[in-house]
Amino acid sequence: MSATTLLLVLDLAGVFAFALDGALTGIRSARIDIVGAIVLGLTTAMGGGIIRDLLLGVTPATFQDWRYIAVALAGALLAFFLNRVLERLAMPIALLDAAGLSLFCVIGATKALEYGFGPVQATILGAVTGVGGGTLRDVLINRLPTVLSRDSDIYATPALLGAAIVVLAAAAGGQGAWAAVLAAAVCFTVRVVALRYRWNAPGPPGTRPSGAEDRY
Amino acid sequence: MSATTLLLVLDLAGVFAFALDGALTGIRSARIDIVGAIVLGLTTAMGGGIIRDLLLGVTPATFQDWRYIAVALAGALLAFFLNRVLERLAMPIALLDAAGLSLFCVIGATKALEYGFGPVQATILGAVTGVGGGTLRDVLINRLPTVLSRDSDIYATPALLGAAIVVLAAAAGGQGAWAAVLAAAVCFTVRVVALRYRWNAPGPPGTRPSGAEDRY
Amino acid sequence: MSATTLLLVLDLAGVFAFALDGALTGIRSARIDIVGAIVLGLTTAMGGGIIRDLLLGVTPATFQDWRYIAVALAGALLAFFLNRVLERLAMPIALLDAAGLSLFCVIGATKALEYGFGPVQATILGAVTGVGGGTLRDVLINRLPTVLSRDSDIYATPALLGAAIVVLAAAAGGQGAWAAVLAAAVCFTVRVVALRYRWNAPGPPGTRPSGAEDRY
């Protein structure tokens, strides 16, 4: 399997995980129907890349490739029909989702650098590729987006880290492929450890720590 | 009246209906003022076409034509000043709205094909043209978007059907104008029958049917 | 200091005020963390310009200039760490925010005219540049956007006024710089007077006046 094929397979796995997660979140949080599951699945899976491409000023890429749409559709329909089974598979799905996040932040930062954007923009766009779809999903179902909330385990931070490693490696003239693997591995590890130990980003000074309302 | 003029008149009628509906929904659901009615009217009427054009990678078209803006503004202001009268005209407005939906999905799918997008994308973009504006409206007033909800009569499904007929006819080399009329007629009929008989799309397996909480 | 430098400094001051306000609003209204404060700060400061540029069909400009991102980041972090101090500085922040609004509506309308858009579009895009970021902020934190609400002091109206003056002056062949200063001054004055005397835009006929529920 060539590197390009491997990357496509990984990318489609990420799209699948995000679509599954988007539809499952919708079913858990709102009174959606089958069309809603499909809309949320496609939006979660492809929204981050679409926002990135709009900010880059280029035609959204994934939307032009029917394979991305087909895989996202499959993920959403699977979530719709098997949601009760899948609820019990929370950990494997979270791992797949972390893999998608890792890949998306690396792909996003790389694309931004290719289009001549600066290091700050490339880091932001890498993170946006990772978290943009989930943010659109949360806006659609009227939920405080995960990326903003101090009650969620960190999600944007690992994506920012992964994107920053890609940008730093490019600035240092590093070998692209190895930097990408390292960046994705760091993002994935930080995200999974954050999930396991419930790491939250700090709230503003003077506020109670996250989750405090559950303990007292 | 030439075909182009007829299409323009129909398109503006759709814009008018969507603007009216957007502002009325806002007045019913949230504490909006006159500026809010205008913003919701313009967003509902032009949002679907704008999202479609962003996904196509072209400059939003309707926004460049002042006639669309003027007609949308008229619809929003009429809704604002006459909202109590218009509430009693729910059925005529719903019919006008269904006409707008039918036209928008046909125009959207046709434009996507013209720009060389594939059949899957053209079908989705046809539906997005029809339902995108109402989805933006619902997001702005913090409501679960109609297109997701299993408590709403089907709305995206007729738009998808209409768009799919345009795409299939184009693939079969069919006469564009007749296919467009047929597609719009199917979308309109399905939407109106769905309204009349309260057709809902199914919720996920294991959930109570839509509306069940009203009956028991 | 040259006119270009002056304009840049003013523009960055507006970005700073909007970022500060975006993060403070988020901290007041939702359980956000430090990443949320940064996301809301950047979105509020740069969202209006981004929506304008997408509607103009050009690559979002402020996002390409790292100085805008750096200033917005500084505003968001300041708001995060000093939010309790800043809450007591509501009036100076509101004035800075009004200055940002005035500048943004003038810049937005001017850019739209430069790109050959008509007077109606330029007026709308001026207002969108001013209020778009705050609207995205409110959507993200699930609040009825200020621009729609009849319980908020008028905010979009001064921006529309400022943009309209730019457009009228351009149509009359007026000297660009003086028209811009006049437009910004009118927008700023109307906004500040509206704040001071709690001007609201009217609700639909038959509804109770804004704020009536507080008095009885």
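Chains: A, B and C, in written order; residue numbering restarts at 1 for each.
As a convention for this text, a residue touches a chain if its C-beta (ideal position, glycine included) is under 8 Å from a C-beta of that chain, and two chains touch if they have at least 3 such contacts.
Just so it is clear, the structure is predicted and the values come from calculations on it, not from any experiment.
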| item | value |
| --- | --- |
| Partner chains that subunit A and subunit B have in common | C |
| Interface residue identity across copies subunit A, subunit C - same or different by half | different |
| Cα superposition of subunit B on its sequence copy subunit C - rotation in ° rounded to nearest 5 | 120 |
| Length of the line joining the C-alpha centres of subunit A and subunit C, rounded to whole Å | 30 |
| Residue numbers of subunit B (touch at least two other chains) | 54, 139, 142 |
| Residue ranges of subunit C in contact with subunit B within the complex | 54-57, 117-118, 120-121, 124, 135, 139, 142-145, 147-151, 154, 156-157, 200-206, 210 |
| List of subunit B residues in touch with subunit C within their complex | 26-27, 30-37, 39-40, 42, 50, 54, 58-60, 63-64, 66, 69-70, 80-81, 83-84, 139-142 |
